[in-house]
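The structure's right below; bear with me while I get my questions together.
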Amino acid sequence: MREPMIKPDVMRISWGPQHPMSGQTRILLDVDGERVHRIIADLGFTHRGIEKILENRTFFSGIIPVDRMAMVDTANMSIGYVTAIEKAAGIEVPERAKWIRTLVCEMSRINSHLYAFGLQAESTGYFPAVFLWTTVDREILLDLFEELTGARWSFNFFFPGGVHQDLPDGFREKVLKAVKYLRGRFKDYWGAMVENPLFENRCNGVAILEPKDALRLGATGPVLRGSGIDIDMRRDEPYDAYGDVEWEVITEDACDVMARTKVRFHEIGQALNIMEQIAQKIPDGPVKGRVNAFMRVPEGECISRVEAGRGELGFHLFTNGTGNPYRVKINSPTLRNMYVFERLAELNEVFIADIPVIINSIDPWYLDADR
Amino acid sequence: MNWLRKMLKPLMIVAPYVLRNSQTVAYPTERLMFFDRFRGRHVFHLDRCISCGICARVCPDASIELVEIEGKDKKYPQIDYNTCCFCGYCVEHCPKQALEFTDIVEFATADRSELVYSPERLMEVPDIKEILPMMKRRTEAYLTDKEMKYRKVKDV
Amino acid sequence: MSKISAADFVKAFQKAHPKAVKSIESTDPRRANLVVNNESFLDAAKSLRDNFGFLMPVSGGAIDYPDDNRIQMIYYLMHPSSRFMLTYRVDLNRDDPNMPSLTPVWEAMSFHEREAHEMFGIEFEDHPNMIPLLLPPEWKGGHPLLKDFKGEGKQ
Amino acid sequence: MNSNTLFAGTLTSLVQANQFSLLNIPSMIIEFLALNSKPLLQVLLLPGLGFILGFAIFAVWFERKFLARAMLRVGPYYCGGRSGVLQVFADFLKLFMKEIIIPASIDWPFFVAMPVFLSTIPSLALLLIPFDSNWVLWDVGSLSLPMFFAIMGISPLIPIFSGWASNNKYSFIGAWRVAYMYISGEISLVICAAGVAIMAGSMDLVKIVEAQRSMWFAVPQFIGFILFFLGIFIESERTPFDIPVAEVELVFGWRTEYSGILFGFTMMAEYVLFQAWTLMFVTLYLGGFNGPVIMGMPTASHIFWLLAKFMVLVVFIILLRCVFPRLRMDQMITLGWKYMTPLALLNLFFVIVMKMLGGV
């Protein structure tokens, strides 16, 4: 990136990509003392050209790079692409497969939010404890993933027309047990972190994003819901079994970093409710239809929108009757939220110490922004 | 006083953790049991293979190539683990279950060319004790209401 | 913001801008599709924001049709109260793709237009900060998402 | 023993009397050791080298192992058996072996010298701490309390210099954070210490400790007690006040450019500072070396009590590291100027009132 002009009397700090809290991106900060005047995000360090890669792959093998757009939130990434292919090709999914997908998606969402939650603790300097606790608790979900899908992170589990494997024996009991355990653990998180007076000091009133600004700047996911706007693709455009289970959209009105953290916290609670309902009343039946791995999709286009852990993920799929997609446009949530992050220094008074807190409150996953 | 209680509450929550069990596995001496579906290195059954080539066609990373082996007139899959992403398509689409997954994940090498596994090498599954000579036992995780615990399954 | 269904929006927009519309349709209650002329693109966008309540920009991207010699620029907009998505498109000439930038209308389109600029070579007039987003600054390999792109350094 | 000369002995007198010969050396060494066993022990062992280095090593090990428990892991495990004691030595050895990278275009004499000063200055102040009424290495009498603060007042200059010398933006910001933090934190500490000195009627640390024989000053000066406890965190840059080295914000603050053993020195200096301030805290508020005499050995039991109080505090302070997040710079300055300094003055006022009414 060519660096934009710098004003006199400010110092420009290059924050990342080698920085403890930057992730795979670079942020330029124009600072005057502790005060940050301008944030410039420099993305593209992990640009792999997934949109181009998908054009050269069959629909089945395209699922794999899509899986790797956000490793921590694999299921929610691939469900978007798989849903788009199913819509375009008109493939029916068996009922049980839909419920299993919803289960895996919610587990993936908990995994993603737990990671974000731990990083939020880490970014306020709450150095060791909560991040490692979330790591331990994610282990339980990863074990469930391993048992169900065979892989812990980038399980390539969904395909157009169902899921690869049925639930193993005793899996439902394990899910219920994990739900019970995680519910117990969240009391500790709430007391040790969210209600910690110093954590409140660091997060309350920081980086306020008014609802009208959130809409104008195109925020999505927990950032949008933390500003009090209840837009959630799982309810607005129900896919899979989200229409059949009971849950609610979480919003917070405080519009600040703490509101986003709380949204994530309560969304984990809702996801646990969904997991419990699915484990209790999942219907019987087949989990996959007969689908050719080298299928051709008739010419047309369709848009699928799903709610990933970081916000709305959209796939705009253009097909031309061959075995490969003609073009896939991925509307990634992190790219949208990064723009919000760039503008936050103009809307608020932001200090250097707030930067890691704000970054992690929007929970970026740069591989998903760069694609 | 309310303020003081609020300050002390996180301390009261964190302090008991010091007495808890650690939730880690001492990896080279203990190794977790992996689940049945775990996708580790492949094992190849030569007698079942019909050389249909579906695995090579379905492989998203073009890691599988059909090669000739000595003494056979047909071609058999060779897997390049430099690029394999363990997606599982080859195992799932194999009509005769000639390719299967094992739970071996320790096959790092110093030389990239050693990661290309010929059909003969794919047929052998080394004993875990050969790969990890320091390994003493295999453990398994289980969940109680309060914490995750590990118990010994067997000595190696 | 008042609610409006996708079908009603299609009728209302057709009525308000009969000349600008090239094609408008709504196949699904949650989707609407609008293609406009190049000339009235900016005015229609302002009208969408101010009169029809498309306050929430989602994304933007392009698609290349070398056979028809056109590039289609697509903006994804969302109606925040009625929850349907509008794909707002314009066809550009592939030899000289340029169009007015929508960043003055929807600020958040900045990143997406920068991406479309480097990936498809579309020139956006009046974009405040047109620098590459994802590609490196010294990139000389052309525009990667065009269909005739062969790889960096290849002709 | 004359308090101005540390070592008693015949070496100087022998040299002066021209009786120096090679044959005398063994007997001179024996005589020297016999006459100076106590100062030697003090220099090498207790407040001196052994204690400072030993504590740094112990604290690093203990912090890693103890915090690992709170994080549900094991901590160092393989080096030195299950306890992982040798891991610290291994790490120090590794730091010694590592290349010291000195970036181009920096002020290298300053850059290299500062980490060395960094750990020596607080250890100098540490020598003033009385471990018993007659176990004080550096006995400056009634000047010991001001001397401690004078020496400790130099120590924040070192990070500022080294941050400036590093020629790095992160180091620079970290250095000025140090400056802000010490100014806003240390004034209240000096006022608190003044309260203690007034209550004890002396600035001699030994007399301050002896004045607490009946009651620890933590009870009458509870405000000062709390403020000084916060001060330990501020002065030794520990969480929640590790603002100058805030890892997630300023890569490693003013220490960013240091590598190899220079970085090791800065790490050690953190623990020496922590040690000096905690010992001072015990001396001023928790009765210092006071405690019941065990097995009829007053000196040994006094040393034991001081170290016991010290260790309890160390465990508590290390535990607090994983309980509270870091404050922001502006919050820290607000805390220092708006709350700590007025409260310290209030504490001083109470002390003066008590003293005038003859309460103590």
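As written, the chains take the letters A, B, C and D, and residue 1 is the first residue of each chain.
One rule holds in what follows: contacts are C-beta pairs under 8 Å (C-beta built on N, C-alpha and C of every residue); 3 or more make two chains touch, one makes a residue touch a chain.
Keep in mind it's a predicted model, so treat the numbers as computed, not measured.
S.K.: By CA centroid distance, what chain is farthest from chain A?
M.R.: D
S.K.: Identify the chain pair with more contacting C-beta pairs: A-B or B-D.
M.R.: Pair with the higher count of C-beta contacts: A-B.
S.K.: So what's the Cα centroid distance for chain A and chain B, whole Å?
M.R.: 26
S.K.: At what distance in angstrom does the C-alpha mean of chain D lie from that of chain A?
M.R.: Computed from C-alpha means, the inter-chain centre distance equals 46 Å.
S.K.: Between chain B and chain C, what is the separation of their C-alpha centroids in Å?
M.R.: 45
S.K.: Can you list the residues of chain B that touch 2 or more other chains?
M.R.: Each of 10, 14, 17, 23 in chain B touches at least two other chains.
S.K.: Two or more other chains in contact with one residue: find those residues in chain C.
M.R.: There are none in chain C.
S.K.: Residues touching two or more other chains, restricted to chain D: which are they?
M.R.: Residues 70-73, 322-324.
S.K.: Sort out which chains touch which and give me every pair.
M.R.: The list of touching pairs comes to A-B, A-C, A-D, B-D.
S.K.: Sort out for me which residues of chain B touch chain A in the complex.
M.R.: Against chain A, the touching part of chain B is residues 3, 6-7, 9-10, 13-14, 17, 23, 34-39, 57-61, 85-89, 92-93, 101, 141, 143-146, 148.
S.K.: Could you list, by residue number, the parts of chain C that touch chain A in their complex?
M.R.: Of all residues in chain C, those touching chain A are 30-31, 55-59, 61, 63-64, 74, 76, 78, 80, 83, 85, 87, 106-108, 110-112, 129, 131-137, 144-145, 149.
S.K.: Please give the residue numbers of chain B that touch chain D in the complex, ascending.
M.R.: Contact set of chain B toward chain D: 10-11, 14-15, 17-24, 26.
S.K.: Which residues, counting only chain A, touch chain C once they are in their complex?
M.R.: Chain A residues touching chain C: 1-2, 4, 43-44, 47, 49, 51-52, 212, 215-218, 220, 229, 231, 236-237, 303, 305, 312, 314, 316, 318, 326-327, 329, 331, 335-336, 338-340, 343, 370-371.
S.K.: Quick one: in the complex, what on chain D touches chain A?
M.R.: Counting only chain D, the residues touching chain A are 67, 70-73, 169-170, 173, 239-240, 242-243, 246-251, 321-331.
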